[in-house]
Each structure stands twice: as C-alpha cells, then as structure tokens.
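The structures come next, written out as structure tokens.
There are two complexes below, and they share subunit A, which is joined by subunit B in the first and by subunit C in the second.
And then the complex of A and B:
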C-alpha cells in the first residue's frame, strides 16, 4: 500500500482489485429495504453478496469498483438498506475509501449512493 | 462566426481594391488641408460604431436569449419527464391497485427522469456555471427528496398493493414542491 501525502492530508492510495456489477451479480430490478419487505432487497444484497466482498477489500486493503449500470432503476429503499445500512454500521469514511462507483448511462445514480453513504437514512421500525 | 469571417474577408477585399485604386490614381482624392486629423478619425470612428456596434450587440443579445430559451425548454422537458412518474402513481391510485411490475415501471421512469435531470444540470454548468450553483443545489435537493418520498418507504414492499391516501398525499405535496421549484427556476433563468 502506498501512502500519498498532500499537505496535512494523508490518504491511502489503493488499487481497484474487484469489480461488482450489481445488474449481473445481483438483480437488475432492486427492491425494498429489508428482506421481510420483499425480494431483491437492499438487505439481501448487503448480506448475501456485498458484505463479504467489502470485508475482504478492507482486510486486503484495496478498492471495489461498484458498477451501477444496467439496472432498471434504484429505489431509495434499496440504496438505504444496502449502502446506507452499511454506512451506519461502519462509517461513511471507511466505505468511501474502499468503494468507487461507476454508472455509464445514469451518473445521478452515483450521487444517490454517495449521498446515502454520507447521510444514511435510519430504518423505520 | 463563419458569417462574420466571410463579411470581414469581403470587406478587406473591397478595401484592398479601393486602396489600390486610390494609390494608382493618386491624387484623385485631395484632402482639404483645413480638416484636422482628429476630425477625420472622429468620422471614421463614428462610422465604425454605427456599423459594427449594432451588429455585435444585437448578435450578443440574440445569442444570450437563445441560450436562455434552451435552458427553459430543457427545464420544461425535465418536468414533463418527471410528470410521467406522477401520472403513473395517479393511474395506480385511481385503479386502486399497484403491482410489482408497476413498481418496476416507476423505478424505470425515475431512471429516465434522472438522465434528463442530469442533462439539465450539465446544460446549466456549460452555460451559467457559477451563476446557477445555488439553483442547481436547490433543484437537486428537491428532486432527490421526491425520489426518496416515492421509492424510499412503503411503496417497494410487497405489502403495499394499493396507493394509500397518505402516500398519495405525500407524493402530491413533494411533486408540487418540485414543480414549483422548476417554475421558479424558469423565472430565474429569464433574469440571468
């Protein structure tokens, strides 16, 4: 791992070693927030696919490129149940340092996910 | 710019001919020695201003108006794209049922609306970047808020099979805030 220092700011310069294409590896029609709310939920994505890959990226110090392309549309509940929930548990800074996002057809999807990571929506119990 | 270049080249060509003609037939033009140099410059300057300033100013005003018209047209078509979501929800509400394919369609309509919204933001950046920073942030916040209200709650759950009055009311309030913001932005663009 290479350290990059600019003035007072010191960041870990990591490489992208994993690419997660949501439309191919999960579903192209994401659903609700929690598993109990229906299929293709954010929680399902987080627990069954994403968390393992994310933990590996932290342990081995690399970045995952999350490809948001090819999905019919991201409901806010899905984004909140996956990226938002993880951000509440592990912190936005950790997520943003280990994740990069790509969305070829709709760049606004990247803003939606990053905004949710920075300001996660709490679950309504 | 192409027209301007053609005009300049044509003018230079005729000036060249005139100068050549004058030099060849010198002193066909005899200057009145009583005329002062600054008076001659004054005449030339006034003629230039009379010809070129209206041309450039008119062109500058027309260009600005065209850019603003494009922005306004883009704002209107962005609103129309988002209205498709509202229409779909209205339809499901009047039908008194919403299926999972309807929900997928709503997500897809948001995807289409996002693309249009992004296009609008890019157009603002390429034309009035610094002047529209606040406008863009406000529009973005309201649009994101609308997306969260529609797709962030009970809509995506399998239990949600009819558009409830509460959901419909919250949706309409959020959409109308978005619509108002777009219309306010149109007015602001006129005054830019």
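And then the complex of A and C:
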C-alpha cells in the first residue's frame, strides 16, 4: 500500500471521491455555534449533513473535498460548532486525513478551518 | 318584639356593640388608607406629569457620547418615577443614526419605559427631519394622524428571541453593499462581524443566554456611497458580562484596580476568557476587531459600560456616564 504524509501524519493514500459544496448543499450564510443559538448553525451543519458524509468516507476509505467557496463568511462560532466539535470527538488526525479544502474567493478560510481542526475549542462539560 | 330586647341591659349591650362595630370599621378604613395613601390620595383620571427631556444639540452617541447617554438616563429616571416624558429633539443641530437606533430600542424596552407614557417630536431642521424620517423611526412608534411616508428601504430589526439570525445578517450586508459598492459581491468581514455581534448579545448580554433583544440599523447615506451600521443591545454590557467580570477578578489580584478601558486590548486579543464559560466564547470580539481593521471600514466604534473604544485608531478611553448595554457603530465606504 502506498503512503503519503500530511504534515507530521502518515496515512494511506486515498482518493477524493466526494465533493461537499457548503454554499449549495447547506447554506451560503452560516450562523452560530449551536442549534439553540439560531438557524444555519455549525451544529446543524455537522449533524444534518456533514457527519454522515464523513462517516461514509472513513468506512470506504476516501477523501472528501470540502468546498468553502461562495459563502458569506465563516464566523468563528460556526467553524467551532462544526469542524471543531468533530475534531474534539474524533481527533484532528482522522479529520485531516479524510478532508481536503478549497476556497476560490478567500484562501484564508482554509487556514481558519484547518486551524480549528488542529486546535479545537472544547464544548462545555 | 321579644321582651328581652326592651330591657335596659340589652339596649346598653346593643348600643355598645354597634359603637364597637363602627369603630372597627373606621379603624380598618384608616389602616388601608395609611398603607397606600399615595394611591388613595392620587386624583383619579389625572395623568402623571409630562416631563420634557431635552436632547443635546449634537445628538450622537459616537460624537457626543456622555451628553447623549445622560439624555437617555434622565428619561429613564423620570419614567422610573412613573412620570410621562417628552423626548424633545426639535432643537438639535446635528444627528447621527446611532442615536436614533438607541432611541427606538429604549422606547421599545420595557425595562426602560416601565409602561409609562413616552411622547416625542422630530427635529425642526429640514435636513435632520429628513434623516429622522428615513431612519425608519416612525415604523416603530405610534403617531398622531397619518404616519409619514418613508420611501427609503432601511432595516431596523428587533429580535425578540434574541438569536443569531444569518438571514438578517445577509440582508443587512446586501443593503450596504448595493449602496456602497453598487454590487452584491460577498464581503466576508462585514458578514462575520454581524454574526459575531449577534452571538455576543445572545451569549453575554445577560446572566442567562438569550435574555436581551438586539437591534440592527442600516443607513445608506444619500449624498455619498457611505453606509452606516448600528448594532446594539441594552443588556449588562461587555465589561459587566460574566467572562469579563471573572477575568477582572484575576486581573485585580495581579495588577490591582485598573479602569475597564485598560482591558480593551486584552479583549480584542482574545485573552479574556471566563474560568467557567466555554473556551470558544472568547473568540467573537477578537474576530470583530480583526475584521474592523479592513480598510473598507472607515469608522468603527464600540461603546459599552464606561468604555469608548475606537477600533480604527485603537484609542480607548473611559466615559463618565455609563451606557447600560453594548453599541457597535461602523461605516463602510467605497474610497
């Protein structure tokens, strides 16, 4: 089996078999962190859309390309409630080995999401 | 008549009993009147006095902060005494939209008006009257006669369940971008700021999340490409919120008593986190600060409690008259 490295990680080489365009498949205007805080929250994105796709990618050993393009913004609370929360639960290594990101209009959004995955903010115990 | 009732002993007994009953009744009446004398003494059908509250000539929170806050505090003081008030802005010489937004929020806030009567007037100056009309003020108050027509499409929104509302944030962005840049291209810093300030109100305006309403006012300046945004809540204010109070206790132990404005750089740097609150809760205001540094934002002011912060010049100062709540004001312009 062929190996490649992502930063300090060494993983099996996998192919991109799924593309998730947040602006089209979720909303182009993300909201707060938790569902109770309002609509389009990070928690809503995670539970209603992302977690199922992510689990499938793990089971079938492929990568999801998450397209961040065309969204009005990525508030810190949304990123924390979605990618951050999943990273807390499953670990940054697993997420980074199964996810790739693209953002045509603002590449800084990729850094923002990857930074949250690497340094997730824990939920209230 | 029974013979018994005609006897002198019974007549004496009956007269005494009757006298005692009258005495008891009078006592009861006097007691009730003493307990709530003001209620009984107040003439019925007489409305409480109307107290005119005169706005400062420069009616602006961002430019004339202390006098404008004092004007609202004076009104609150009279309303608390159950007096009716007249918001008198007829004589004002300058006006900014942040003051209008605060006046609407105050009029609508029960914690401010105590269900006492509030009347108001409009500026005499024609230009200011036009601005006042275009601000959408009359959409939120009752008027005598027909309501003045407002052709300008503006947004003033009160969220009673005080949540983060991405659709309103997007609409507010579009309203500004269409006017300022004549297009609908995404400008992420503006959207991020709106979501973060909504989240801040939702989490921190009160002891419990989601207690206070927030207000958003967007104004397209008709003589330029400038758009003004005012976002405010009448909650406890940033420097009286739980995370900052908790941080202040630690800060006090280390450095002694310091004014609130000394904490502003730490707040913007994300160093203020509650010992008990969730760690992600320190990220919103720093993101607002980061976005505000974009050159599209011409002005960016934060007023909360006794702090006045200019985010563009990074000049932070104390104000003598405290603002009970949090107000963000910013302008975007196409230079």
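The criterion applied here is as follows: the second predicted complex is superposed on the first by the 113 of 125 C-alpha atoms of A that agree within 3 Å, B and C clash if a C-alpha of one lies under 4 Å from a C-alpha of the other, contacts with A are read in each partner's own complex, and residues count from 1 in each chain.
We take it that a residue touches a chain if its C-beta (ideal position, glycine included) is under 8 Å from a C-beta of that chain, and two chains touch if they have at least 3 such contacts.
Small disclaimer: the values here were computed from a predicted structure and weren't measured.
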Contacts of A:121 with subunit B and subunit C, given as first, second, both or neither: both
Touching partner for A:107 - first (subunit B), second (subunit C), both, neither: first
Which superposed partner A:80 touches (first subunit B, second subunit C, both, neither): both
Touched partner set for A:27, first subunit B, second subunit C, both or neither: second
Subunit B versus subunit C as contact partner of A:37, first or second or both or neither: both
Which superposed partner A:70 touches (first subunit B, second subunit C, both, neither): second
Subunit B and subunit C footprints on subunit A, overlapping residues: 29-33, 37-39, 71-78, 80, 105-106, 109, 121, 124
Touching residues (chain side subunit A, partner subunit B) in the complex: 29-33, 37-39, 71-78, 80, 105-109, 111-112, 115, 121, 124
In the complex, subunit A residues that touch subunit C: 27-33, 37-41, 70-78, 80, 84, 105-106, 109, 121-124
Complex contacts: residues of subunit C adjacent to subunit A: 163-167, 169-170, 173, 186, 188-192, 195-196, 198-199, 202-203, 209-210, 277-280, 283-284, 287
Residue numbers on subunit B that touch subunit A, as the complex places them: 100, 103-104, 106-111, 114-115, 117-118, 140, 144, 147-148, 150-153, 155-159
